[in-house]
Amino acid sequence: MQELINRLKELLADGTVVRAIGWKKGDMPYNPEPAYFEKPEDFDDFVYDGFCGANLSKMMIEATKLEGKTAVCLKPCDTYSFNQLIREHRVNRDNAYIIGVGCRGKLDIEKARKAGIKGIKSISGVDIEGSGDVVFDTIYGQKTMDYKDLMLDRCHVCKGKEHVIFDEVIGESQETGDADRFEEVRAIEKMTPEERFEFFRSELSKCIRCNACRNVCPACSCRKCVFDNTKFDSQQKANVDSFEEKMFHIIRAFHVAGRCTDCGECSRVCPQGIPLHLFNRKFIKDIDDFYGEFQAGKDPEAQSPLTDFTFGDLEPKDAVGRGDK
Amino acid sequence: MQRIGVFVCHCGTNIAATVDVKKVVEMVRYEQGVVFADDYMYMCSEAGQEKIIEAIKEYKLTGLVICSCSPRMHEKTFRACAEKAGLNPYMVEVANIREQCSWIHKDKEEATKKAVILARAAIAKVNLNTPLKEGESPVTKRALVIGGGIAGIQTALDIADAGYEVDIVEKEPSIGGRMSQFDKTFPTLDCASCILTPKMVEVNQHPNITLYTYSEVEKVSGYVGNFDVGIRKKARSVDFDKCTGCGECMTKCPLGKIGHIPSEFDRGLKNRPAIYMPFAQAVPAVPVIDRENCTYFKTGKCGVCAKICPSKAVDYEQQDEIVTVKYGAIVVATGFDIINLDKFGEYAYNESPDVITSIELERLMNAAGPTGGHLERMSDHKQPKDIVFIQCVGSRCDNEEKGKPYCSKVCCMYTAKHAMLIKDHWPDTNITVFYIDVRTPGKNFDEFYRRAVEQYHVNYIKGQVGKVMPQPDGSLLVQAADLLDGKQIKMKADMVVLAAAIEPNPGVRKIATMLTASIDNNNFLTEAHAKLRPVESPTAGIFLSGMAQGPKDIPETVSQAGAAAVKVVGLLAKDKLKTNPCTAQCDTLLCNGCSTCANVCPYGAITYEDIQVNDHGLRETRRVAQVNLALCQGCGACTSACPSGAMDLQGFSNRQITTEVDAICR
Amino acid sequence: MPMNEENTEFRPLIVAFCCNWCSYAGADLAGSSRLSYPADVKIIRVPCSGRVNPMFILRAFERGADGVIICGCHPGDCHYSTGNYYARRRMALLFSMLEYIGVENGRTRVEWCSAAEGAKFSKTMNEFCEKIKSLGENVRLGDLRCKN
Amino acid sequence: MSFTNVENQVELIKEISGSDPYKCMKCGKCSASCPSYNEMDIKPHQFASYIIRGDVDELLSSKSAWKCLSCFACIERCPRDVQPGKLVDAARQLAERQRGGDHLQADEIPELLAEDLPQQLLVSAFRRYRR
């Protein structure tokens, strides 16, 4: 982390960049928040540890409009989002200085809570360079957890340790993937329609329309969301128009289909714990199955599957009922 | 708030027999915006239209809903009627209660209910209609033809004869194209240059035609009626105005004898000097210097041509020049070439000089060709006694690496032609043709081919040749199968002629990209409609002529050239183009500038510009989509691709369709 | 509301999006050939199947439609060259997603129908109505909501 | 008569049959119509090319020449007027001529006839052997 801070200070000092985007300490040891850093003293609060899961690429939409270059810390998976934003002309690459930061998997405090860890005072063992167990100092005494057991689900299906776009890389990354990315989707596909319906209804019933998923999503970068404009009569806020209320998540998933890099931020930020990535990942799986493998953000030149076609594409009637025995 | 009039037509009993028209009128009277509702026996009749006009005036209607037959039938009628009464024609919607209701339902109650729902949907839509105005764009009355072969020549002549100015851009030093290389033409066997040369001369002398030879299209911008085209006139190194075409320079160029520069025109069967005209009847009759091979340009020495030129026309200092010209329409007539045969090692084309392509044979049989029209083997200059023709070399070949999946269409006919011409000159030549299928659709075509078999006794054998093996004695051993007799054949030949697949001129992809004209996997330009608009590109203002669109023979090319010319003339005859008002529109405040819409637009109508926007007080420069209304055809592909909803289609807007859905599902 | 208040038989509500150039003309041909299909089908004219935004389909379901069918020109025959190819991909993904969240297969359909295929249009609509009748009222898409 | 000269042989067949083998397009309708197709080694659609090539001896030594029933279906249906039946008939006739007078006289036939012999067969036999 110190190397990263030193380098950022250096970049600011020599005028390469005029500001940097990273994470600063939050009110709890497990909730650092994205922040701008412009002066050396700003870095007193700088933090980069296992809880810095936030994908900062979306912040670059606004940051690269500002005068002068902005440095941004991107983890390997975040760079896919950044590439996708370049493809959509949403960020100005010339105004960005990308520091690829090392990553050994990001952590999910909910997993600690589920393991019965409460009253956390401080946490150690989450440093980016470190290894070994995570140690919680709680008001009930010390608790430890294996780093891997504390990892976000998305890190178990990690896209890899390579940054797909960067100006320089600081720190080592580790491959943390040890699960099949589409296993969850497949499990749902195997259910009966009734079970699937019940599953999604019970999950979506938790939604409070806080819009956190939309606001964090790097693909949901429209200047004005379709749910906020008047073009579809879908603009009212939650509870007013049942159309939006019922269909919000399906429409949102469709809007980002072919553009979603599967960064998993939607599920991470959902205060209700809805596994929203299951929608996006279903589209990704279908796109892979129907039109050949495609990873949004991998190649900024690649044509999105939804703005492309072949003469022999699958007919919609063959897209359904594939699981029926 | 709209003031809508609803008019329900009986259509005699066509509607009224199954739909309770009076009830429909009563049911829709209190719909939102409706201020007037009535029914009439025949709404489309004079009297019916009069009724509509009166109602518009009396009730100050701002929108009309006509419940009648299909809009495909009478939408135009009712729009014109509205316009007569001073109402914008696009404020009219038609509810189809005949084809999609009364004619297919029997139960009167059910049909009436459906008619009411269809009327409600139309009323809901009209509530959101806005007056639309057809746009206008001026037309530059000049056409560009890219390619100076027979397709381009004929198109240019037809346009020029209709009284419009045409420019031809040809990348070679002379116009004439492939046809000028041919000896005779099927099925009449008249000599190609005898029928082509007069046309070339006519082009050269036509007051409405400007020739840009040795030139290439460099840049295209604009849209239908208003193209700006940058043409690169490559340095000819010969002053056009001074040169008399005497040809002295060509005969004196030292490289003519020792240069080993293969003549492109003679397909490498002969050498040419560094200062050259491709062929004797070249138009224009002004040579060019091939700077890559010319000794003067390579070493600074020589300069013979400049010294001997009686009119001092040779100019080594000439530079490429780029001219920009405005056009209203562009015709692509870039023609074809034959495929490279490197991948067909089995036919020994690269091994034996006696295995030749059909175009080479054309040159060998041409009186103006490298052998003066005497058919001889390139290896020993002896006259061949046994000649084998192999059809479909690379045609109908699914292996992309080697050939082309399509039928080249002309090979069957020219092979029959070659066989007969050879037999005419040298009757004791034995000719065998190996074919997969003989395809001769066309007037007098099959008769032509049968003549080769029945009168000239050309031996046609069904079966592709497997291998051609050059023998130590200089002959060629051909191994094939006679599929009809179920026998394998090994025969000796003195010469093997390959009917190589044709392919579009390789440069056409670059041109198509510049024109945003769509092109298929085989590099043939795509038609706007394969059946109904075969000489137009989907991109407005771009037309197709000749082989650039697909394999075709000379008569077909000439007819297509004429058809393209008519389309061009039809466009140029207009002073202004009316544009379809149902076009896409970008809400610049919502546009992300993500380019998704441009990716799906089939017309290249969407471009991006950085503009200053004032978004509720926030001023910034944004990259936003711009729809060129002259190009947009109103398909709406962009609107469903747009993630933010910034793209919308006038006349079929998101809200209009949504509200129709709501009305139907109410 | 569906017109079945006085009738106990379930009458589905079906929205058909038809492209102006092929399918809408096909529907007209079905009409002029008097090839009947149930009145439950209501057609919305769009310029091209590529114009059909998934939002429209979801909207229809949310407002109570029991089935939605999209008709366009046959692949390769699109009046605008390519619109139906994009529609084909869009609908394949949307339908698969609807199946995934537990909506019964068959509530949505895409059919390519040319201007000459009046008989096919009528047959398709008859089949589709039967299918929707067998599936019954669309409860799930109406009920898939954020709150209980 | 001698058949050493191949060209002469081909010319004779053309003359006897009155049909032009070069006109054959190998459409196969003759083979499709032939009742004896399965028993033939050289198929009717191949007759023309055998004659063009001069392989008359091969044709004559084949089973086909004598399996042809002379039903003339091929002659009736040939779109090009090549009439393979006539070609093979002409070839047979050449062979007959070569054999000299070694065949039945017309007036010897009645006593050899069986009662229930179909008329058609009789006609066919005359066509094949009489000349």
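Per-chain numbering from 1; labels A, B, C and D assigned in written order.
We take it that contacts are C-beta pairs under 8 Å (C-beta built on N, C-alpha and C of every residue); 3 or more make two chains touch, one makes a residue touch a chain.
In this text the structure is predicted, and so the values were computed from the model without any measurement.
Distance between Cα centroids is largest for the pairing of chain A with D. The chain pair with more C-beta contacts between its two chains, of B-C and A-B, is B-C. The mean-CA centres of chain B and chain C are about 36 angstrom from one another, to the nearest whole unit. Chain centres here are Cα averages; for chain A and chain D they lie 86 Å apart.
Here the CA centre of chain C is 66 Å from the CA centre of chain D.
Computed centre separation for the pair chain A/chain B is 47 angstrom, with centres defined by C-alpha atoms. Counting partner chains per residue, chain D has no residue touching two or more of them.
Residue positions of chain B with contacts to 2 or more other chains are 600, 641, 654, 658, 662. Across the assembly, chain C contributes residues 53-55, 59, 63, 76, 82, 86, 90 that each touch 2 or more other chains.
The touch graph of the protein chains shown belongs to none of the named shapes. All chain pairs in contact, by the document's touch criterion: A-B, A-C, B-C, B-D.
Looking at the complex, you find that chain B touches chain A at residues 587, 589-596, 599-600, 608, 615, 620, 623, 641, 643-645, 648, 653-655, 658-659, 662.
Of all residues in chain B, those touching chain C in their complex are 70-73, 96, 98-101, 103-107, 110-111, 113-114, 117-118, 121, 518, 526, 528-530, 538, 582, 600, 602, 633-637, 639-641, 649, 652, 654, 657-658, 660-662, 664-666. Chain C contributes residues 1, 3, 13, 15, 20, 24-25, 27-28, 30-32, 34-37, 39, 42-48, 50-56, 59-60, 63-65, 76, 79-83, 86-87, 90, 122 to its touches with chain B in the complex.
Of all residues in chain A, only 185, 188-189, 193-201, 204-205, 207-209, 226, 232, 234, 238, 242-243, 245-251, 253-254, 257, 279, 282-283, 286-287, 290-291, 305-309, 311, 313-321, 324 touch chain C in the complex they form. Those residues of chain A that touch chain B in the shared complex are 65, 88-90, 221-226, 229-233, 255-256, 259, 303-304, 306-308.
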